[in-house]
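Following this line, the structures themselves.
Next come two complexes, and both contain chain A; in the first it sits with chain B, in the second with chain C.
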Partner chain A sequence: MISSGLTTSYAPPFALVRNHFIVSIVAYFLLTLALVIVAPWMQGHYFQPHLLGLTHLATLGWISMIMMGALYQLVPVVLETKLWSARLAQFTFWLFLPGATGMIVHLWDYRTGPGLWGFGLLTLVAFALFVTNLLATLAQVEKWNITGIHILAALVTIILAAALGVALAYNLWKTYLPGDHLHYLRAHAHLAFLGWVLLVVMGVAYKLIPMFALAHGYSMTAGKWAFGLVSFATVGLMTAWSFSLFAGHAANSNRLEIFYALLLATGIAAFLWQMWLVYRHRRRKQADVSMHHTVLSFIFLGLATALGVTQFFLPVRWPQAVREGCILLYGWLAVIGFAGFIIVGQMYKIVPFLVWFNKYSDKVGQATVPMLKEMFDEQLAKIELGLMLAGFLIAAVALPLANTLLFRIGAIVLMASAAIFVWNMITIFKT
Partner chain B sequence: MLTEHEIIEKLREVIDPEIGLNIVELGLIYSIEVNKENQVHVKMTLTTPGCPMHDAISTWAQRALETLPGVAKASVEIVWEPPWNPEMMTDFAKAQLGWG
Partner chain C sequence: MISRDTKVGKMLKEYPQTLEVLLETSEHFRKLQNPILRKTLAPRVTIEQAAKIAGVNLSELLQKLNKKIGATMPIQETPSPASPAQRNAERPGILDKLQPVDLDVRPILQGGTDPLKTILKTIEQLAPNQYLHLINSFEPIPLYTVLCKRGFDHFTEYHDGIFHVHFYRQVHGVGKIPPPPADTVIPVKEKTLELDVRHLSPPEPMMKILEALPQVDEQTLLLVHHHREPLFLYEKLQLRGYKWHVQKIAENYFHVKIWKA
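And now, the complex of A and B:
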């Protein structure tokens, strides 16, 4: 797309971004494979060894890895500045990879000794270096925009979420935190997901989606409100949880918590409304496979939000298994439904774009160069989308029913879609 | 003597690799000047103001123009005024995008 750049003289070395993307793609496939294996554990309480490992494979190996690689590319280009240090970014990658891998392996087996804490610390150091690098990059920015503000807030939050994670790892080794461990775990998960994943997706979506859809002439008011509400509500939720912890209230009876959850839902609704405005004002009417993934992602974000708020009001008389299944479904909608679909969808745009510029931008005008859509099999991508949606929905139905067989069927279908996705990504990189 | 038509036809070779439409159909070309020495100067825009990708695009367009027989020198300038809007696309481009 000529409209605005993902690749310019501001961009970091291609190899840096490529390494992040390749690890993330592998992690995604391993995640779907792990889902097939853990099917019998996808019921009951979420605090289970395999599920903890699985969750960190998704959040660190897949989601955070792709976000870090994408931000190294996007921040300099979108905000027109050079990445502060590409060498530090490479070094960070080689810290983060073993740190995250070690954490995932230890959590998978629930080995909660010094090993988990050590790998957690390594991951935290890697996040700290990543944040330092990007903050130093942001310090050079002259023209700020809404994307930059989202990313700045997300950088601050990921450090807090990672630090809380390391504190939790230590607590599993030598208990020292007052109160229930799960109380902190909930704060850690929401801080990471709302403050890191959601804010980055929102900020980047405001830039990329109108660019790819050729959307023009819409107001950004809803988007600005969304940022304010989501940020404020996230801080509020953390405050409410801290308050309920030290005041000794039962977590789910805290009215402050419900208030901030509703505020958060309003903020997410504002974001979705903003995206709807972008969609309505798009000049590129024919939605491609990337846009279909993206639309589904936003639908699942809305459903996850609704279910998250509903958690406060689930009737106590409901069977415990159903209530626990609803919590798993909430996580499923957020991680696979929202984050998963948007990551897969946007990679069909970003990866061809990056590879194209790396391999062909010097050849334009001198040799025949391919179009981006020619760099992968779009028909296969459509099949991938269909399978991903089918697998996701089958597994989603299985969660509240606590049906292992149904979940495993869904996970296998999801894995088939991931295999096609990996094939398409390999095709692009080999173009 | 070079004609504007020849130059526009040459610029049609510069294609948005994602959309599959060239920069002429997208309405990105604002002006073309040719002096007596056959030096060509093109003013063009991109669809998003503040786009930092002008280096790549201008190089691409410049390279295409320099292959045109008779061109002594080519230069491409990215400008942001007036801002691009979708109405600037040709009817063909609009139809290709399923719009209009």
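And now, the complex of A and C:
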């Protein structure tokens, strides 16, 4: 293969990506603050006003915001094409921000009138524009790769998940959906998390982690299986839940559910195996703070999966509080443990890289420029990691015990960690 | 054994006696007697291209060359070079909308110098409504890839022993990046500077390469050993007035050659 001159840079404007990242970082800090506040509610059933607001602060303000910003940057670079419209992307950002904020505020106070539905609709429109922009970008791709396929699948899913969310918001205002609201909510949460968050993380991880760890010479078979199994099982779970909706909670639909859950677990195991292969083939042996976050994230993904499957088999004689705590723990492992650790870890790589590229790459060889690791205090980042892990684990233990004080201590430690993270990010942006 | 893909320069270096064969075969090859032209033209041209330029049968030429060096060659059907008439395919409509800038390189070649610099200079100075009309006694096949890399397509006509090549800017769809050319020409330099960045993670490879650029002068070729294709680097190289060529050596091993434009 021989290739040469590309006169155009593929990357979108730096300001676009930066705006998403800044909002996301702020949302992360607000989330840890909110966790301290909601500690008394972090027990019992998960369907509670503050928890709903909190979850959407995490999934929309923090996780989806950073994912959109990162995809605007990554899709053009990884798939060698140009972002279809940077202006549309900026416009989308300014729709998504008030949409998500309005939703979070309404959910926090459980104001379930037309306001929640309206802001939900605004968020859905923003997602639709985001997906349109990226699909138009993908339409120009000539050389597809595994990352592109993951992203394509994730784009289709997020629209479905967001649309289901808006349907649920309307249902809280004027009940029209047949059956149990929570039944749909479970589908909404899993569709968003498996089809959107997990697939994007998987696809991007296959590209970014080997790139920074200088890993190559391994087989991608497990990764391909992981994609097939996770996508198939996600679709399967949705159909199983749709069946059980019409058939009631019949034993058969429950068996189908367990089958797909196990299939999903196998897919996630294949993904983790693939990441293990990447890790073993890395040429850059000394692990940095970013790698430590990432490894922890994958461990928590494994634990969340295991706990998710276990939910089906929890003994009915267990106290209600413990079983409800386990569901909260399941969400905690997935959102903070898996998504949180990977986001924080990868941001220690991506943000310095983008800022460096934007500010210094033109000056290399002509003036003194900083190295990536000189752009933030690595020692401070290690403390941040230690606190994040400690806070996360303390709160995790508190959940099945339904212990408010312990959860609050964990949340405060987590907030301290987030404060250091924010400080590190400010340092990088100001370098 | 000499094959159709052997570079003329390499052949002449290893088997100087083959020059005699070339001179006997066609008067087009007489230019190779001039050491300067031999140095600039021969390394880029394969035997197959040379046969096409001179309008001689490739398999006959290969037979003669291999006989000269005492190598036996398996007899095979080799397609004869396309006849000039076949080249007069369809004239692109875009040429009618553009103004030609004529450049006859025959006097330059007669004078014993390499016309490449003049051609590139003319190409760079072309206005958006102009195209280059190149006139030569042989078909400048290696030039096609050189100019393709700079974003030019070509259309070739042949009348009365003279080649007329029309180079015009490639037209691409909105948002499309021009496809990479199939081949490109790397100049021969006196010095080669080597740089291995395979142990570095991004963006350090780019830093090291850009930091090495001041050492890359007219006589130097920078050879970078890279673990991936440095897509981010190209724009920086272009801005600083360098040309490059990337070749995949193995899985996760690329040679990036950089020189001053």
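The definition used in the following text is that the second predicted complex is superposed on the first by the 419 of 431 C-alpha atoms of A that agree within 3 Å, B and C clash if a C-alpha of one lies under 4 Å from a C-alpha of the other, contacts with A are read in each partner's own complex, and residues count from 1 in each chain.
By our rule, a residue touches a chain if its C-beta (ideal position, glycine included) is under 8 Å from a C-beta of that chain, and two chains touch if they have at least 3 such contacts.
Only a predicted model underlies this, so the values are computations on that prediction, with no experimental measurement involved.
Undergrad: For A:84, is the partner it touches chain B (first), chain C (second), both, or none of the two (neither)?
TA: second
Undergrad: Who does A:370 touch here: chain B (first), chain C (second), both, or neither?
TA: A:370 sits against chain B, while chain C stays out of touch.
Undergrad: Where does A:212 make contact in the superposed view: on chain B (first), on chain C (second), on both, or on neither?
TA: Both partners.
Undergrad: Contacts for A:286 in the overlay, against chain B (first) and chain C (second): which applies, first, second, both or neither?
TA: First partner only.
Undergrad: For A:143 in the superposed arrangement: first (chain B), second (chain C), both or neither?
TA: The first partner, chain B, only.
Undergrad: Would you mind listing the overlap between the chain B footprint and the chain C footprint on chain A?
TA: Touching chain B and chain C on chain A: residues 1-5, 7-10, 77, 80, 211-212, 214, 216-217, 283-284, 353, 356-357, 361, 364-365, 369, 371-372.
Undergrad: Which part of chain A faces chain C closely enough to touch in the complex?
TA: Counting only chain A, the residues touching chain C are 1-10, 77, 80-82, 84, 140, 211-214, 216-217, 283-284, 353, 356-357, 361-362, 364-365, 369, 371-372.
Undergrad: Where on chain B is chain A touching in the complex?
TA: Per the stated touch rule, the residues are 13-20, 23, 26, 28, 46-48, 50-53, 55-57, 59-60, 63-64, 67, 85-86, 89, 94, 97-99.
Undergrad: For the complex, give me every residue of chain C touching chain A.
TA: The touching residues are 149-151, 175-178, 180-184, 198-204, 206-207, 210-214, 227-229, 231-232, 234-236, 238-239, 243-248, 251-252.
Undergrad: Applying the document's contact rule, which stretches of chain A touch chain B when the two form their complex?
TA: Chain A reaches chain B through residues 1-5, 7-10, 77, 80, 143, 145, 211-212, 214, 216-217, 283-286, 349, 353, 356-357, 360-361, 364-366, 369-373.
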